[in-house]
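Every chain is named by a letter (A, B, C, D, E, F, G, H, I, J, K and L) in the order it is written, and numbering of its residues begins at 1.
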């Protein structure tokens, strides 16, 4: 993976699962970041409403290659 | 989120996924705890039987507001 | 759980979810390891392609009993 | 400190400082817990509103002696 | 271990060893908690008096099954 | 907190306290970032001059919502 | 300690103490591993039965020299 | 910061705040250490008396330059 | 170091050493960031090809002063 | 525990148990340090010889009050 | 990186640098492991003799693909 | 390694590499400490000047045997 990469940290949310929250976050990040290559899960949390899980939240680091 | 909150630690189990184990744990906690607001994933483990995952286990901290 | 156990570290991959990646890793480990009893999630990462999550990766420790 | 102790985890909030949030949390816990002896800071966070810190939040473990 | 479990954190003390402090803590917890299944060591500390160890202290998380 | 959030890491400084350093950092970040919602303390350090604390330094992660 | 070493992770159990669980694990590992030189404690847990500690469990990394 | 530095670990106490406890510890360390340059917060705890915080305790690492 | 600082996370790569990977990452970051003052190593990894290390990778946080 | 305290880090060894290694380390430290008040276990390791544990090693932080 | 991977933990040594110790460990591991793809640095230590560094030691996790 | 050991924490600096910074720190420590046996890397950081790495800094724990 020669070259230099940058990591950005984002938090995705989903009412369904941690996997969906991950996908949402990456899709959104892709609107402004090119060349994304990998992600790392940093934290998993969520919201509770009326005694039930109402939201899954995943904090991610996303790595992408810096252009020369 | 002014006020004071308490955290309790629980472990949920599911044969399906980490997300389901999380939901189960929160639902059960809600039987005796009111005002639950959020959860934090502390640990993810599971059981294996006959060479396959038989159970997903998620340890959570659940936060809820203490009444005045 | 009297006796002595060994832990091996493996990484599973899936295009669907962390739970599926976990199942894949355990299933593959079961080809050469007997008596597997539990797993512990060590790390969750993944690959991104064309601005979307292309792979979920889960690093696990798997514990199994050593025969006498 | 002979005997057995229990730890509970609480979160205090304050608009002023981390120290005040700590005091608030301990004071509230004292309404229902006797014999509290010490606390340990687990996490420090806060809320932001209109571009400024609006709340300091401190997550604490509080230890108290169990009566025989 | 299907079902939902709760973790409580306790600190045991002993003048003899970490193992004895662990046993003391669990025995005391058993006075009010049923269905305890496992413990996890969180921290090991102790007191010193007149230049010698006077007390071993073990902080534990104890897990027990919540009844339906 | 549905939607996607971004975290940025900043370090605030103050000659008075950790709380003031936190406020300074958030205020400065607000010059270029909109929709900031929360912060997390990552590290607390400081400078010493002539045998006394001359500066409190707080490293923070600040979370803010990404617009659609 | 020139040369290259390998670490394996094992879990020992004992009804007596963490020290005994450590000894058991190392003794068992020695049946198949030669040149073991040191161990590192990774985790200490245990089982509870009828309100009392029934088993001490120690997870270890064991290091041994690889032959040329 | 060329040269070699030494770190010492100290604990300061204050009835007022974590910041004051930090200042106290550094001031006391300055009685016997020259050339102190920075500190790092390692742990924040405190004492509770009669249901209220009676003392803030801050564990610090203090760095100072070794003279040639 | 009065003022407010920002941290960015980057990954440098080198076929030679961790030190070279660090230098590469900082040099590249300097193309778009002014006032860089320090870096912190977060992670060290690398790639293996044909049974030999083919690349050293260093993940860094880089701190730089925000202009007023 | 008003006042300022210093921590020193020591490693004790014993052929018997972690508890004995702890006692040895504290006893030795007491030859040159007065007012020792508590210890914290930082790490537990050991040596292996001829396929059996030959030594328990405990790394401790020891806290003692600095005189005014 | 679809498929399942295994991690092994090894320690390399060198009188020259951490990078050389890394290379040595990977080269040795390659004698018995095929398909090695990456490594992760877990720990860096070393030996001192006659008041100077005599050896750099690097503990690594090495990942390799399991064949179907 | 029977006996009791003490750890001291030092920070070495070098314009060349982490390995050189390590050597510098150990050499300097050897001026006042006898019987040094090993070191452990605690942290790696560095300074940046004019957009390039100007200094590698390594924080180490150094262990040495206490004489009887």
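Here is the rule we use: contacts are C-beta pairs under 8 Å (C-beta built on N, C-alpha and C of every residue); 3 or more make two chains touch, one makes a residue touch a chain.
Worth saying up front: this structure is predicted, and the values here are computed from it rather than measured.
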Chains adjacent to chain E and to chain L under the stated definition are J
Intersection of contact sets, chain B vs chain J, gives E
So the chain most remote from chain G by C-alpha centre is F
Taking each chain's centre as the mean of its CA atoms, chain A sits from chain F at a distance in Å of 22
Cα centroid separation, chain F vs chain J, in Å, comes to 37
Each of the following residues of chain J touches two or more other chains, namely 8-9, 17-19, 47
Pairs of chains in contact here are A-B, A-C, A-F, A-I, B-C, B-D, B-E, C-G, C-K, D-E, D-F, D-H, E-G, E-J, F-H, F-I, G-J, G-K, H-J, H-L, I-K, I-L, J-L, K-L
Given the complex, residues on chain I that touch chain L span 17-19, 22-23, 26-27, 30, 36-41, 62
Note: in the complex, chain J contacts chain L through residues 8-13, 15, 24-25, 28-29, 47, 55, 57, 59
So, in the complex, the side of chain E touching chain J is made of residues 16-19, 43-48, 51-53, 56
Touching chain B in the complex, chain E uses residues 1-9, 61, 63, 66
